[in-house]
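By written order: A, B, C and D. Residues from 1 in each chain.
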């Protein structure tokens, strides 16, 4: 650290200390004057209350859902955009059109007349720079994971045309483009605190710990949205979030709990693209045996959860991805609840020398989703009723990660990890490799046919791709019974009655202010 | 006094170093921050890159050496998650916790001393029992329970107060109110007990023989003598409060050090955890000096 | 009696305890007028303070309860008055001073404030109170009153603190001053000064003085009339001379007979072997020198008294020899071996041979151990008397030896009286069959009648078992009765030493002379003569 | 004041203990507290044995059944929880772990804290300094971090929970014990033991500890309540006791989401915590007075006044 830096650090310290005293003073003053809260807000300003504070407001981290909800398509835009709620599929955003030039190369025609909020003009160089940042060694951008084994080469044809070559060829490259936000080419190779984007809003205030304020831009290229300004607040208690909309302190509270969602006028329930399942690790006895896995699935009374511990509207899952995903297989039926059959399968396996009484740990993460503990407790009871020797283990996030992702701990007993997986990206590729490929980080499967199907589907396009995914879904669900798929979850949001806004499956990943109107 | 303070400073510095070593190594036993910072399907390369950028790939002892070197130069490192200097994050949170703790403790001290002293004078009477039971019930109810019920009553049903946040003085009322209850319940008991003992002291007899009225006997003669154990407990409670009020902060969306601490611990943001602990430890050290000074002011025998 | 300024009439006070009601005082009557001095004489537990506390309204009610009688002040019954009315009398018309001024002064306020408060509490303006405080401090002999008002009680000596209490009590020129054991905790020379001051002030203001005491000497020195109390009742009253010379009640007779300092003086047998020899012991605490070049020699069977006032270093001497504190320099030979250089292991053996009896048996006996455990603990430590039956037998013998009975072995210390407790402490010391017993003010806390018994017991042990004694005391009467050799200490140094006979009859050092002069004699006539002699000198 | 002890007949041991019980009977509040605690202890001992199965039998479709409804049997008098298990049975069964955690924590913290405190108070300055610095470090070590470290490294379980909570409570006992020892070691009977040649160990165990013990017990009583609440807070933060273990603290924190819709889930266990705490405090207040000869008259006096 240089002397100058040290000096500036001291200045910061001094400033912070002053801030502390200022707060004390202000609090004392305010307490004595006791002015009623005056929310100086115009009618088109809204307040959104989120469950957790943002660590970063960094465009290249926009795929992290809490960051994406603020940034994505509000501050920063992407080349393409997936219509998650409708069936339009992939739509143009900053790219007006794209075409497959063959040989793994895609050409994107960029929109003209677009400016960043700092006044600079959007062009192909910005796109290239945005990707350079994603792959930079100097920072860890989340979006890099979508291009894990793919080498991308960018070729700026002209200001508004760019060729992207993927090695090996990436059939869903345009879809992947919906995940990378575009920043100006001046953006440094480090996490920024003042995101510059082409979106309809600009971040006008970020008071750490308290709020983030987005204000509408006048020079946005598209249609001006109705919301002039949005203030984001952070409250981790769902009851408080719900109460805030009720009392008028906030307009939108995404992620309230089913218990709170009681008012039909303001509370919306919608599938949130999260899938809950029991990850089975087939390498540990007794889970290597197909009959045991079948028994496991038959032991669970999935219907009993819905409308009780889990919200009404929750759907039984037959695949890792929600029905809106490419290749989703409508023919699959959830495993029926049949404890007698389950017992029979277990007896059969036991007769063949499988140790079905081996201890099984059901591992769930606290706060993973609402009522996860109750779900865990109920699952354990159901398993034990058919003869498993199961016990529940609730762990915090870091520990859960240990059990969920490879390398798995040595000498572990059979573990069933309760996990929630989110895929609203439209294509199963973001899920299937990780969960079912023998090399997948969270996979408990080691099946050559599954590997082959995944590899083939990943490289395929269009109808063939959809068909292959469908086949894979059926294979893992019915043939190898790779895991115990449980539910497609629903989310609940509370929206003030003054807003014209219906939350959907997309609300989980992004909250486009442009989609909000006033009544 | 100066000698006492300098002795204390040295002792505290030792504890601070011990704390630093302990926290540094123990916290690193608790898993990989990379896995928590990055999404579940991040590649191994990305995790390695994250570790490299944040120096987490170095041998532990070298990491420690670097940390201590920077620490000596008042650099507490960058937050692993927020891409900002950890100390800034911590001090920002402190700017909220400090006034909250200060105001709450001030109210607690005044209320508990007055009520505790009067209860002791009225020992066994109705007022004494009322104070004891009310304070005990308050102090033994889980605080998140009280907080949520308070929101339901005061914000939703009565619509008197905002549910949460920090914008206006109104926002501070419920957090302070909920935070007030437990230390109040405890200190009231200590004041009462200490006053009971002090009221039997011989100098109280002297005062009565002098014809001094009851109120001066309680609040002038006895209270000051009874304050020493009370000050100790106040110190403990204030220290706890400087550590942040996790529950209250979490529920009321109060951006204080407690919430920051639990988040940073759960997310393994080591630098923020360390910085927060150091700042808290220093604040507590300063407060202990204040308490020593208070002892001296209250009791001349300690001063001399 | 009815027209006296203050009269207590047939007062009965009960104390309610879990073990039933204790009649603290029964039918007590006494009265006092301006200018008079009345002594209320009694031993601990006699209820001598209760009536005074009732006058001042400082009895704790409950547990105390006034069950009968009245207290008339200027003809009006105090007990029928409201608290507010009594408050107006307290301090202003009747004031009180207490035995232990350190704990009776508020430790956290400056003394000037506390004295002024006596006046402001009764409505005097603050500036007048301040001026009067300075005047009072000057009058009671506190140096530099302007400085003194800002100081705190702990910054004064014991005698000065009692002067402060007196100044406070006299601030409003009360008609009556009640003094509860005002000089008990003070050294003899200071006691004499304080009593003299009280007398002077009484002469000046013409107040009536009620003096509550256990000390016949104090009564002889200051009182006109005396009321003798025992077990909550007045057993005798009259003029001091009449009561001393012709006590009617057996209790009074016993009390007067027990007063120490009247028996034969012991003479040290010659040519006894030397047991303990301390040479040039020094001990310094910070700036305070507790011991300076102190040398003593103690022979087998000798009883050596160390006399001195508080702070003279006499206890430090004992503690240094016992290695309860480490002396800074010097030597202490026990049978030729230097105690101060011994290792812990060597010391353990010697510890058996030297035992100690402390001042206050209430504190020196572990309250949670039975008498049997207390006495046999030494055997546990030194692995003696392993046989259980034998132990019980020995404990029984020891208890009988000190005048207790065998069934006391299962009881706990709090179940005994002060004198009995000290006997237990002595039995504990004897259990290890020591050759030397160090008594650190071992009888000072006891009532005179008990004191005499314990002294007799110790003397008996010395004669029968040939035990040596190092006897530390401030009470010259007791020393005269018990010791054969006396050492006088002052400020950490020995100022005079010699056979008891010589010290008492022909003291050579001025300090010894002063000590002897200040000691109060229970005989009022003797005391009156001394007073005249002292005034002339 | 005169000392009245010689006037009072020396009572025997029997007389000394019985008045305590009768004194307790006379102070109705303290008596009820004692009774409540006895019942809770009985729950803790026999509850899991008698009601273990009932407390864990789930019924997803009959969840959150409201209290004071006997339709589903007496076990549901206090309502059913979010998995349809009877609240009453669960509360009784949870008494064991709750008491285990609280008592375990207090016991461990007290034993370790008192031992260190005795050593720090009685042994030399260096030992004392080292121990006190250690206490400082523990005190500045955030309990949440301790919880996360222990639970991560050792896993969540009742013994580990006790470990976590005990670590954070040790300094209280340590500091109190040390302060008391510094005072007690100056007392005459300790000096008397030294003169007799007693070893350090003997003095600490036989002479000092028994005197310090009552203070420690008083603190322990109060701490008991604190520990129950701390355990509840950790559960709230997701780093405390976890199912299938069950404590009142966990029940409160699990009932939290339902506070507005099914109040009984969090209310009953919360109430039990309050009642237990209150009883302990009242009893400990009473004990503090009853066991202190200087203050005992207050109780005796009141009892006479009452009858």
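Here, a contact is a pair of C-beta atoms (placed from the backbone, for glycine too) under 8 Å apart; a residue touches a chain by one contact, two chains touch by 3 or more.
In this text the structure is predicted, and so the values were computed from the model without any measurement.
Q: Among the remaining chains, which ones contact both chain A and chain B?
A: The shared contacts of chain A and chain B, listed by label, come to D.
Q: Looking at A-D and C-D, which one has the bigger number of contacting C-beta pairs?
A: Higher C-beta contact count between the two pairs: C-D.
Q: Go ahead and note the Å separation of the Cα centroids belonging to chain A and chain C.
A: 84
Q: Counting only Cα atoms for the centres, state how far chain C is from chain D in Å.
A: 45
Q: If you average the CA atoms of chain B and of chain D, how many Å lie between those two points?
A: 23
Q: If I count partner chains per residue in chain C, which residues reach a count of at least 2?
A: Touching at least two other chains: 60.
Q: Enumerate the residues of chain A that touch no fewer than two other chains.
A: Residues 239, 396, 398-399 of chain A each touch two or more of the other chains.
Q: Would you please write down the residue numbers of chain D that are in contact with two or more other chains?
A: Only 148, 152, 238-239, 256, 259-260, 298, 302 qualify.
Q: Can you identify all of the chain pairs that touch?
A: Every pair of chains meeting the touch criterion: A-B, A-D, B-C, B-D, C-D.
Q: Over in the complex, which chain B residues touch chain A? Could you list them?
A: Those in contact with chain A are residues 30-32, 35-43, 45-46, 49-50, 53, 70, 73-75, 79, 81-85, 87-89, 91-96, 98-99, 102-103, 148, 151-152, 155-156, 159, 162-172, 250-253, 255, 259-260, 263, 266-268.
Q: Within their complex, state which residues of chain B touch chain D.
A: Answer in residue numbers: 11-12, 14-16, 18-19, 22-23, 26-27, 29-31, 123-124, 129, 132-133, 136-137, 139-145, 148-149, 152, 182, 189, 193, 196-197, 200, 239, 243, 246-247, 250, 261-262, 265-266, 273, 276-277, 280-281, 284.
Q: Residue numbers of chain A touching chain D in their complex, please.
A: 238-239, 257, 259-260, 262, 301, 304-305, 308-309, 366-367, 370-371, 373-374, 376-378, 380-381, 391-396, 398-399
Q: Which bits of chain B are touching chain C when the two form their complex?
A: Listed in rising order, the residues of chain B that touch chain C are 200-203, 205-213, 216, 221, 224-225, 298-301, 304.
Q: What part of chain A is in contact with chain B in the complex they form?
A: For chain A paired with chain B, touching residues are 1, 6, 9-10, 12-13, 16-17, 19-20, 22-24, 27-28, 30-31, 33-38, 53, 55-56, 58, 63-64, 137-140, 142, 144-145, 148, 190-191, 193, 208-210, 233-237, 239-240, 243-244, 246-247, 249, 396-399, 401-402, 404-405, 430, 434, 441-442.
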